[in-house]
Structure formats: structure tokens, C-alpha cells
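Each of the two complexes below includes subunit A, the first together with subunit B, the second together with subunit C.
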Partner chain A sequence: MGDFDFGVIIQSLPFLGEGMLLSLWLTFLAIIGGIILGTLLALARLSGIAPLSLLAAGYVNLIRSVPLLLVLFWFYFLVPLALGRPIGSFYSALIAFVMFEAAYYSEIMRAGIQSVRRGQVQAGQSTGMNYWQIQRYVVLPQAFRNMIPILVSQGIILFQDTSLVYVVSLQDFMTSSSIVAKTEGRLVEMYVFAAFVYFVICLTGSIYVRRLKERISV
Partner chain B sequence: MNYNWNWGVLFEDPYYGWLLSGFGWTVAVALSAWCIAFSVGCLVGIGRTVPNPTIRAFCTAYVELFRNIPLLVQMFLWYFVLPEILPDDMGRWMKRDMPNPEFTTAVLALGFYTASRIAEQVRAGIEAVPAGLAAASTAHGFSTAQTYRYILLPISLRLIVPPMTSEFLTIFKNSSLALTIGLLELLAQSQQISEYTFQGFEALTAATVIYVSIALIGTVIMQLLERFTFIPGYVGKGG
Partner chain C sequence: MIKIDSISKWYGDFQVLTDCSTSVRQKEVVVVCGPSGSGKSTLIKCVNGLEPVQKGTITIEDQVITDKSTNLTALRSRIGMVFQHFELYPHMSVRENLCLAQEKVLKRSRDEAVARAESLLNRVDLIDHIDKYPGNLSGGQQQRVAIARSLAMDPIVMLFDEPTSALDPEMINEVLDVMIELAKEGMTMMVVTHEMGFARKVADRVVFMDEGIIIEDRPTADFFGNPESDRARDFLSKILNH
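After this line comes the complex of A and B, so read on.
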């Protein structure tokens, strides 16, 4: 074992920084897309319209029973085939993450929607609001607020999961670290550094979630 | 979209055998990792609830460390970094002579990672046991070990069977990450079939069907276990 070489890390910081920006951007877009699609899935599942809720439940259960890597490979393979032209691994990965995370977010949002008491919906109905108005002004704002800590934890998990784009060679933080590790022959330094960076970001995130929970539970 | 369908490829030699062996490795990795995850997870989870502050701090540190580093990074740490930082002889042994290096590494990485998640479930289960029970056993003169052995663990381990189901299924899904260190498990084999035959759709479908079947079978087994371990009058939800 040679000495731990900080030089190689410092030297490659700009390159790693670009990778980190891509990781964060992918996480951000996937969270937004996942929450929107997940909320729609949750609404479909609770809609009481049998075909719609069956379809949503089937989708959620299917996605939740396969690994994220498989979904990544599916979209990496399918999207260019369906569109008839290559669109680059970023968009394939983004679509895969949105479709995958939507299933998990939909379970969270379903619990959130069910945590809003029935009386609230009835009050909305009795004041003459239609379905979408009740969801928009009464149910969803409360569902979101109740679920914020869990939504954020899911976001942290999602951030960790973005490291898997390594398998489709998209240059996020993980892939960049691995490229430097291999070209410089410094596996120990780069992977320990990558672990350290992920650890600091995710630990900060989970401490923040704990604070949020305490604030909400009081 | 023009695509040449050929479902028969999945049943041809050698692709059929590849899928089967991939399935075998997936199950082997998942079950072996589960043994580590369950035993370490229980110990760490219990450790987080004991009165001794040193043990508690150590177990909390374990959970935070393993939960906040992506599994992929942990895989690489076990596979590429550990042999380098171990004493020379051991490192050389890991690199050259360790039997099935990819399999062993994947099991260790997945096992210790999942242990941190199981530890959280175990801790939650122990904390869900009403405080009065532990107090009553202390009042009866039980030692801490006896309180755990006769009161806390028998109740909490049965309480956490439902969340354990999802951890048990997750370990099968997460075992797919072993392909990043070169283990030819199910997903890797399906990728290999798609590269050899250009029948990506069929290969991915086969992998999907197998993963879904594993999830279904796992769910059924765990539901049976749930019925078997159900505490009458206790699981009315919320304790």
C-alpha cells in the first residue's frame, strides 16, 4: 500500500465537480418528476375508478419488485428504440429515474393523502368544490406537508441511487471518480474520497430530516 | 420501431443456461448476504437500545456510516480498496487466492449494508414494545440480558416481520449491483445475452419476469411467516 495521495484528488477536483453537478441536477429533476408522476399515480390509485386504480397499482407493484439497475437498462435500451434516434444517456437515465422513483413517491403520497381526514374532503364538497379543486386546495397541500420528512429522505436515497448511472457510463460524480481512479491508478484515494463526499452530503441530509421530523411532530 | 422478435433465443443453448446460472448467483448472493445482514443487523439494532452509552454510540455510528454511503461505492470499497489497505499478506490473499472473489465481496458488501437497514427496523421494534413491560421485568429482578431474552426480543422480533419482508425482497433487488464488480448474476447474464444476440427486449423481459417471480414468491413466504408469528391481540397496528 502506497501513501495516501491527496494530490490526485485536488488535481481532479474540477472534473469531479462537474460530475457532482450532474449528480445533483439529475437528483433534482428526478425528484420533481417523480413527485409529480407519483402524486398522479396515488390519485389514480385512490380515485375509486376500478380500471384506473388497478392500472396504477399494477404499475407501482411491478416497478417496486424489480431492481433500479434493470429499469435503467430498460430505458437505456427502449427509449432510443421507441424514438428511432439516440438521445444520450442523460435523458434515458432521467426518464428511468422518474419512472422508477414515481412508484416509491406514489406510495408516500398515498399515505399522505390518506392522512388527511375525510371530513376535510366532505367540507370541500359541501362548499361546492369539484374533485380537482378539493385535491388542489384542500388535500394535496396537507398531504405534502405531512409527508415532507419522508419525501426528503426518499430524495437522499435517490441521490445515492444516482451513482448507479455508472452502469450506463453517464459521467456523474461516481463515474468521474472511477474514471480518475482508473486513469491515474489511484483506486484507494478516489473511492475513499467518493465515499467520504457521499457520506457527508447524505449525513447532513439525514440530520436535516431528523430536525424536520422533530419540528413537525411537536 | 422495427425490431426482429425472437423469443426462442431465450430457450436456446447456451443462453438458457446463462439465465439459469445468473438466477442461481442472484439467489446465492441474496441469501448469503441475508444471513450476514440479519445477524449483524439484530446485534447492531439491539446495541442501539442498550443502557451502555459506548455500545450505543458505536452502533449508531455503524448505522450512519453504512446507510449514508451508496451501495455501489461500498461494493467498490470492499472490492478495490480493502485488499490495498489490509496488511500485505492478507491483501495479497484477497487478490489472488480468495475463492470466488466477486461473490464473496458482493456478499460482504450487500450483507453489511443491509445490516444497517435491518438494525433500524430492530431498534424500532424494540422501542415499540411498551415501556411498562421492561419496567415490570426489572421490578421482577430480571437482569438487562434477561429482559432482552425473555421480554423485549420475543415481542419485537415478531412485531417487525412485516417491515422485514420488504428488506428481504430488497436484498434480491440490490444483489444486482454485484454486476458492477463482475459477478455474472441474473441481470449481468441478461445483458450478456442481449450483447451476443441483439435480442435486448427478450433478454430484459426474461430478467424482469424472473425478478417479479422472486418478489411474488418472497411475498408469499413472508406472508406465511407473518401469519405464523402474529401475536394475537397485539398487532392492532400502532402497538
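After this line comes the complex of A and C, so read on.
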């Protein structure tokens, strides 16, 4: 333990950097996809059309009762079966994250939509706008703005969760660190370094969220 | 122009409107007043279908609002409405507030919509605030913008739901002045308000409501000069004697 070797970290930085790029890219795409799908789920749930809202509620509750790891496995094995051809671990992981996160984002967006005053909808209606126009131009922009801090917080959690793609052998930052740790026999250095990097990124994100909250509440 | 024919409305078991009938003719200004909780705001929200009714019919220019087959969306674009809490869109500038429905509903070009917005803002004396956001305006200014937003749709009738109730006293007149101006120009108006001075000055008729029932529906001078019911007399004495 006395010989903590920074050399191995510096040496493998390019390799780790590639892993980090994949982690960030996966997080980014999953956030975008998750928010879009989550918003649609929230709209379905609040639509007042019974079959639609039941379906959305069922989906959200099902996904939220299942471990993320399981969802990752599902899509890794099921999507190729359904499509009849392999799609690679990146896309199966991306689909899994989007489907999984959408359930959480839908709850956030639902709260956001409900935070917009009813009078805003009535104002839209009274000028002759239809349901979709009111959602698109009046309700969702406000719902989104009210929820930005929580959406970002959820994004930070998602970033940490991407380390689970380890199980479908996708080379994200965590997997890359682990590969170096094992091949170089430097477990302590690599896992400490990986933890440090996750810590710095997530702390930065959290500070940003706090700033956002302060700015919005003013 | 507006014909309300024996409508009733319930929230669950609670009846908010009971067999209400009245009408508004073209170019007429009708003030609806009454104690709070009397159902006057609910009544006016039924007129453009924001609130559904369970019994009776409402007709606007031969279109039956209460009929399920009526295209409410299209009809509403021609009925202006001003709300107690303004309901400007807080995430949009004054200009965008005025242009949104013009462009999305009336399909006006950007230039047309902006030109109309500017001329209306000139009229309510707020052209200098066109780039501001609602949060940076006073209540009175916001309500004048809201009136301009409704007028931008070239409505055939304007509905006002307690337009001055949420305002500080010193801002009430700037809003009433705009409304008086509108009435003089011949706009058909239905106004829920406690402002009896306004009613006296511009209303052709006053509808007095209590507990969801229309108690009096009479020409303005008659209503103020000689209210028929005890409830209206009581209401007037409370509201006028201070």
C-alpha cells in the first residue's frame, strides 16, 4: 500500500478519456431521450383519457419497481431477439437507460406540469389555442423551467448509473478503469482515481444545481 | 349576441348555478355583480366553455356553446377573455404574449402580428414596455397587456372576470379607463366586477346574482335607483356606503 503509483494513472489517461467520453455521450443521449419520452408519458398520464393514463401509469410503476440492472439485461438480450439482429451493447444500453429514466422524468415533468397555474391553460384556451398548442407554447416551457434543478439532479444520478453498463461489457469510464486496474495489477490506484473523478464531476453538478435553484427562486 | 338560457351547474353535489338566464345584445355592456361565492365568475366562464354546464344552453351568434359538436376552439378565438390574475405568459415578453395566438390560431404573419400588437400597445399606452417580461410590470400594466392580448384576436365580444379585483387600489383606474374606452367604441362586453362606479357609468344592464341564482337583471338606472329585491338593496348598501 505504501507505493501509490500515479504513473499508471497518467499512462492510461488517453484510454480512460475514451471511456469517459462514452460515459458522457451515453448520459447526454439518455437524458434527452428520457426527458422526451418522460414528457410524453406525463402528458398521457394527465390527458384525462382513461386508457392512455392507465397505460402510462402502469408503465411508470412497473419500471420504477424493477432494478436498473435488470432493465439493462432485458434490453441487452431482448432487443436483438425482437429485431432479429444484434444492435450492439451501446444501443441496447441506451434504449434501456431511456426507457428506465423516462419513468423518473415523467414523474418530474408531471409535477412540473401541475405546478403551472390552471389559469394559464384557460388563458390559452380563451385565445382559441388547441390542446397541443397550449402544452407546447404555454405549459411545457414553464413546467420545464420550474423543474430544471430536479431534472439536472436526475441527470447526475443517471451519470453515476451509466457505470452499470459494465455488465453488458460496454467500455465506459468505470469499465476502462477496471480493465487498467486488472491488467496492471493496480486495483487501489485505479478505483481510488475512478471514485475521485466521479466525485468531482457529480459535486460540480450539485453545486450547479444549487446555483440554479437560487437563481430560479429569486 | 350572447344568449344564456336556463343553465344549471353542479360541482359534485353542490349546485353553483341554478336556472340562470340572461342575454347580451350587440354593443351592449352588461355588468354581473353580487357577493363573493354567488357564482358570477363561474357564469362568465361558462360563456366561452371554460366551465361546462350540466343543464341549459348558451348561444353565441347562433353557435351553441353547450353543444358537444360545436368547435369550441374556433369559437373561443373570437371571444376575448380577461382574467382576475391577468394570466400573461411569464416566460414570454409582452410582444410574444400578444403575438402567440395571432400567429398560431389566426395564422397571421409575424409582421402582421407585430404590427397589430404594437398598435394595441400604443392604445393601452404600454408601447415602451413591449420587450419587457410580465414579471417586470405592475399589476395594472399587466392587466392592460392582457386586455391588449385579447383584443389582438379581433374578438366579437369581450368577457371580463373581475379584472380589477387583484389590483392595488391606485391601479384600478388605469384598467377601468381602458375598459370604458372600449365600451365607448361599441365593444360588446360582459363584465363581472365589484366596481359599481364603472357599472353606473358604462353598463346598459346590471345582472345581480346571489347563491347561484340571477336575482335581478335590469337596466342600470333602475337597478341602482330602485333595486327590487332585499338582497340587492342589502348588497348595494354594503358596497356603496364607504
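Here is the rule we go by: the second predicted complex is superposed on the first by the 217 of 218 C-alpha atoms of A that agree within 3 Å, B and C clash if a C-alpha of one lies under 4 Å from a C-alpha of the other, contacts with A are read in each partner's own complex, and residues count from 1 in each chain.
By definition in this document, contacts are C-beta pairs under 8 Å (C-beta built on N, C-alpha and C of every residue); 3 or more make two chains touch, one makes a residue touch a chain.
Predicted model only: the values in this text are computed from it and were never measured.
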Figure out whether A:Leu70 sits in contact with subunit B (first) or subunit C (second), or with both, or with neither. first
Give one of first, second, both or neither to describe whether A:Gly128 is in contact with subunit B, with subunit C, with both, or with none. second
Using the touch definition from the top, say if A:Asp161 reaches subunit B (first), subunit C (second), both or neither. first
Looking at the overlay, what does A:Pro141 touch: subunit B (first), subunit C (second), both, or neither? second
Does subunit A have more residues touched by subunit B or by subunit C? B
Go through the superposed model and pick first if A:Gly17 touches only subunit B, second if only subunit C, both, or neither. neither
Touching partner for A:Gly84 - first (subunit B), second (subunit C), both, neither: first
Can you list the residues of subunit A that meet both subunit B and subunit C? none
Using the touch definition up top, name the residues of subunit B that touch subunit A in the complex. 1, 3, 64-65, 67-74, 76-77, 80-81, 84-85, 88, 91, 169, 173-174, 176-177, 179-180, 187, 191, 194, 200-201, 204, 207-208, 211-212, 214-216
So in the complex, the part of subunit C that touches subunit A is made up of which residues? 45, 48, 50, 73-81, 83, 85, 87-91, 100-101, 104-105, 146, 149-150, 153, 159
For the subunit A and subunit C complex, residues of the former touching the latter: 117, 119-120, 122-130, 133, 137-138, 141-142, 145
Residues of subunit A defined as touching subunit B within the complex: 1, 62, 64-70, 73-74, 77-78, 81-82, 84, 160-161, 163-164, 166-167, 174, 178, 181, 187-188, 191-192, 194-195, 198-199, 202-203, 206
